[in-house]
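Next up: the structures, one after another.
You will see two complexes here that share chain A, one where it goes with chain B and one where it goes with chain C.
Coming up: the complex of A and B.
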C-alpha cells in the first residue's frame, strides 16, 4: 500500500515539473554544454555544419582581432566608470530621499521611470539631445555654449565624447534599481541606533560613517556585484546611441562583439561568438570572486 | 540666556540649509530623469518644418501638431510592431505563468523521489547568463526553421528559474493543514492548486507578471537575432529599423512620436501598479 502510493506520487511530481524541465533542458542546459563544444571546433561552417579540427584556434583568433580588443577596452572603461559612479550617486540620492518626508513618494516614482522605459527608444532621445548635425548643434551643445565651451559631436565625434554619452546613458538607465534597493536598505536600519547616537550628540557625518554605512554595507556590496555583472554585459545602450554598426563607431562592447559574430553583416561564426562569450564570462566570474573575497574584510553582516 | 537663543537660531539655520541642499539635489536628479521624457514629447508635437528650422532648439512650442503621430502609424508599420509586441508579451507571460506555477507547486507541495536533486539543479541554473546560451539557441531555432515565427521568438523565454524559486517560497508559506483538510475532503492536487494556492499567492503572481511584462516589452537582443522580416519585428527592433531606414534620417519629430507611443504602455502600467512594481523589482529585478 505504502509503496504503491510512493510511486504514484513520484510520477505526479515529475509530471508537474515536466514543462519546466523540457524548456530548461532544451534552451539552457543543452546550449550551455554546446557553447563549449562550439568554442573548440575550428573552422565551423554553419551552412554545412562541418568543422576541420578541435583546438584553441578560435580563442587565439578572437584575442588577435582588433575589434575584440576594442570591445574589451570599451567594456572595461564603461565598467570602471559607471559602477562606482552610479553606486555613489545612488547612495547620495537615497540618503537625501530618506531624510525628507514631503514629496518623497513623488520623487521615488519619478526616479523609477527609467526602469520601465524601452532602452532602445529612450536611447534615441539621448542621441538627439547630444548629437550635432548640420541643422542643429543639439541641446547639450547649447548648454556647453552658454558656459563658453565650443560644440562637440557626442555621437559621431571624438572617442572620449562618445564614451561620455555611453556612460551617462548607462548610469541613467541603472539608477532606478540602485536607488530603490538603497532606499529600502536605509529604511530598514533600526531607529534605535540613530536615537542612541543622537543622545550621545554624535555629528551627522559620524553617524553616517559609523552606523548607516556599516548597516547597509551588504546591500551596497550586492549592488556593486550586480553592477559589475550588468555593466560587463552592456550592449543595447550602445546600440541605442550609436546604431547597430558598433564596430564602425568604435563603440562595440564584448556582448556586442558576440552578437556581431553570430548574426548580421559580419556574422555566421558561432565558434568565434562562443569563444568570445566564454572569455567574457571568465572575466565576470573572476571579478565576482575578487569582489566576494574583498567583501569578507569590508562588509559588516 | 541670549546664548541659548543664539545657539538655537544657528542650529535652525543649519537645518534649513541642509534641507535646502537636499531638495536641490533631489530636484536636480528629478530633472535629469524627466527631461528626456519632456524632450521626446515636446519634439513629437513640433511640426517637421518647425523642428528643422530651429538651429537653436526651442524649449516649448506654440503650435503643437499631432501630424507626427499620424505619420508614425502610416509611413512606417508602427502599428504592426506594436501588435507583435503585445502578442509576444501576452503569450510569453501566459505560458510562463503556467510553467512556473506547475513547477513551483511540485517543489513546494508534492513529495517525490529526486525532488531535492531537481531543485538543486534548478537553483544552479539560475547562475547561467543568457549570453552564454543564446548562441546555441540561435543556431537551434535557425535549424528548426523557426526564424521569423512567433514560436521561435517566444519559446526560449517561457521559463525562469528565478520566478519558480520566488513562487515556491510563497507557496511554502501556505500552512500544510489547509492541504490535508482539502485531501480529507477528496480534493485533487490540481484543484487544490487552482482553488487555494493560486488565489492565496495572487500578489506574488501579479508581481511576477509585471516584471515579465516589462522584460518582454523591452527585449531587444533575441528578437533582433531571430527576426529579419519586418512583419515580425517587436517595438525595440522596430524603433531601430525606423532610426536606420524609416522616415529618412531628418524626420526626427515623427521618430519621437514613435518613441512616445512605444514608451507609453509601460509607463501607464507602472503608474497603475506603482507599489507592486517597485516591491517586485526590489525583490527580484535586475537591470544594469
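Coming up: the complex of A and C.
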C-alpha cells in the first residue's frame, strides 16, 4: 500500500483555513452554541456554574412572563410600523431629491444629519419636543393646543402615545441611511431608459412603477431586510426616550428584556436571557426567510 | 412622412467658464427629407449627427430653427407627441421585462381613443416581432439575447406603435462585423416593407453608403453635402467629403496647374481645360489609377497587397500627403520593379482649392 502523504487528507488545505476557522469558531459559532445550550439549562447559577437539569422550563417561564409578552408585542408593533413607513418615506424623499437640481446637496446634508448624531443626544431632543413637565407641556403639545387639542403626555402617558413617539423616533433615526442608499440607487439608473420611456409617451407614475422601481428593487429589498433585522433588535431607542426601567414604562423590547434578565435590577438569569435571545433569533430568521421567498418574484437583479 | 428641417441650430453653453463661446453642435441645418426614404446622417464623432437626431426626436430642444413633419410644426412638441420611434445606440431595452413586455410597453401607454384592448395589443406586438423575425423569442429577457437579437427587439419596440418617423442612433455599432452586414440588410428590408421615413446616424461611411437612399455628410455641426450615396462619392463638394467617403481612402497630392497641365511633383499627369494657373490639392480615388509602363505619374513601389478580389499597389511619392499611395488595380501583369508608373482616370481625379478645400471644376482635354 502506498504511503499516505500529508496532502492526501487535504491537511494542507485545512492548515490554510485554520486562522479563519479559529477566529470564526471562537467569536461566532461558539457563543451561538453556548447561548443555545444555556437556554436549555434549568436553574443555571452563574456563580457556581451549576444547573439542576435540562429541558424546556426556561422557554416556558419567559413565554408566561407578562413582561416578555409585552416586549414581544412592542417589538412587533415597532417593526410592522417603522419598516414599511421608513422605507416608503425614504423612497419619496429620495425621488424628490433626485428630481431637484438646486440645493440638492444642502438637503442631502440635512437629511443625513441624524445619521451622524448620537442616539442619546437625539433622545434628549425628542424629550424636549414631547415631554410634559411641571413647567412646560413640550413643543409638540404647544402645537396641539394651538389647533384646539388637549395636551398629551407622550413620555409618561397612555401606551399609544408612547408607542407613537417610539415609532416616530425610530423612523427618524433610520431614515438617513435609507435615503443615502436610495438616492445612489436612483442615480445609477441609466438615463437612456427614461429617454426611451419618454419617447414612448410613458406617464411619470408608470415610468416610476414599471421602470424605476424594478431597477432599484434590489436596493429596496436590501433596506427592507436590514430594516426588519434592525427593528427587531431595537433597544437603545427605547432607553433614550423612556429611561432604563422599560418594563415599568411598558415600552420594553425583546433585546431590552434580554438585557434586563442579564444585568437589570431583576437580572442574573442568563438562562432566561438565552431562551429569549433564541426566540428572537428564530423570529428574525423566519421573517428573513419569508422576505427572501417573497422577493424572488419582485426583485430584479 | 416628410421631415423638413429649417435653419436648425443647436448651441450648448460652454463648460469652460473662461471661454464664453457656446459650442455649436448643429449649425443652420436645412434639409427636406422625402417621404418613405432611408436617410443616413454621416460624419466623424462629434460632428453633431446624434444631436441632430435628438433634435428630431424631441429629446433636445433646438436653439433656433423649425422642424416639420409634413405640414405639422413639431418643434415645440414633446417627444411623446411627435409620433416617432427611436432605437437607441445601446438599445435601452428594459432588462427586467421580457421581449413581449418590452414590445408591448409603448402600446400600453396609449390613452383615450387610441387605447387598445389586450388582444389588439398582443396581435400588434406579434406582428412587429414577426417583421423583425424574433417571434420565437418573446418570453426571453434581454440579457438572454444576442446583440443582434436585442437590436431587432429594439426595432420592433420602436415600430409597434407605427411611428411617422423612425430614428436609429448608431444602430450597428454594437454588433460584430458579420452581424453588421446582415443587420444593415435587415434594416433596409424592414424600412422598405413598412415604408416609414427612417433616419439613421452612423460614423461608418460604408454602412451609410450601402443602405441609404440619401446621405447627409456632416462636419463640426455643418452639413457638407447631401445626396445619393454614389453621387456624393463621385462628386464630392470639398476635400472633407472626398476624404471621408471610400475605403481605402482617397489619395491626396500637392499639385499645380500650369498652362492647362496638371502637375504632381514634376510629372505632368493630365491635360485640362477651363482652369487658370494655380496651386491645388489633387485627390485621386484608389480605383482611378491604371498601371501603365509609360504612364505619366511615377511612384516608388513599396509593396503589393492582395485582399480577396482586390489587388492594391502600395507606393510612395514625394508630393503625396498620405504616407502611402494605394491604387487598386487589376490582378493581371504585375511586374515588380522599384518604380511604378500610372495613368489616371480623369473622372476619378478631383482638384481642391488649397485654402478653402473647395472643389475646383475642370474639363479634360481629349
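Heads up, the rule we're going with is that the second predicted complex is superposed on the first by the 272 of 301 C-alpha atoms of A that agree within 3 Å, B and C clash if a C-alpha of one lies under 4 Å from a C-alpha of the other, contacts with A are read in each partner's own complex, and residues count from 1 in each chain.
Definition applied: a contact is a pair of C-beta atoms (placed from the backbone, for glycine too) under 8 Å apart; a residue touches a chain by one contact, two chains touch by 3 or more.
Just so you know, these numbers come straight off a predicted model, no measurement behind them.
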item: Chain A as common anchor, with chain B and chain C clashing or fitting; value: fit
item: First (chain B), second (chain C), both or neither touched by A:266; value: neither
item: Chain B versus chain C as contact partner of A:206, first or second or both or neither; value: second
item: First, second, both or neither for A:151, with chain B first and chain C second; value: neither
item: Touched partner set for A:214, first chain B, second chain C, both or neither; value: second
item: Partner chain in contact with A:295 - chain B first, chain C second, else both or neither; value: neither
item: Chain B versus chain C as contact partner of A:236, first or second or both or neither; value: first
item: Touched partner set for A:196, first chain B, second chain C, both or neither; value: second
item: Partner touching more residues of chain A, whether chain B or chain C; value: B
item: Included angle at chain A between vectors to chain C and chain B, based on C-alpha centres and rounded to the nearest 10 degrees; value: 80
item: Minimal inter-chain CA distance - chain C and chain B, angstrom; value: 8
item: Chain B and chain C footprints on chain A, overlapping residues; value: none
item: Contacting residues of chain A [partner chain B, same complex]; value: 6, 9-14, 16-17, 19-21, 23-24, 26-32, 34-35, 38, 46, 86, 89, 92-93, 96-97, 99-100, 103, 107-122, 124-126, 128-129, 135-139, 142, 170, 172-178, 180-181, 184, 226-227, 229-231, 233, 235-236, 239, 243-244, 255, 258-259, 262-263, 270, 273-274, 277-278, 280-281, 284
item: Residue ranges of chain C in contact with chain A within the complex; value: 57-59, 78-81, 84-86, 88, 90, 92, 94-97, 105-106, 108-110, 157, 161
item: Chain C-touching residues of chain A, taken from the complex the two chains share; value: 190, 192-193, 195-203, 206, 210-211, 214-215, 300
item: Contact footprint of chain A on chain B as seen in their complex; value: 19, 22-23, 25-26, 29-30, 32-34, 36-37, 39-40, 43, 52, 54-57, 98-100, 102-103, 105-107, 110-115, 118, 122, 125, 128-129, 131-140, 142, 155-156, 158-159, 161, 164, 189, 214, 217-218, 220-221, 224-225, 235-236, 239-240, 243-244, 250, 252, 255-256, 258-259, 262-263, 266-267, 269-271, 274, 277-278, 281-282, 285-288
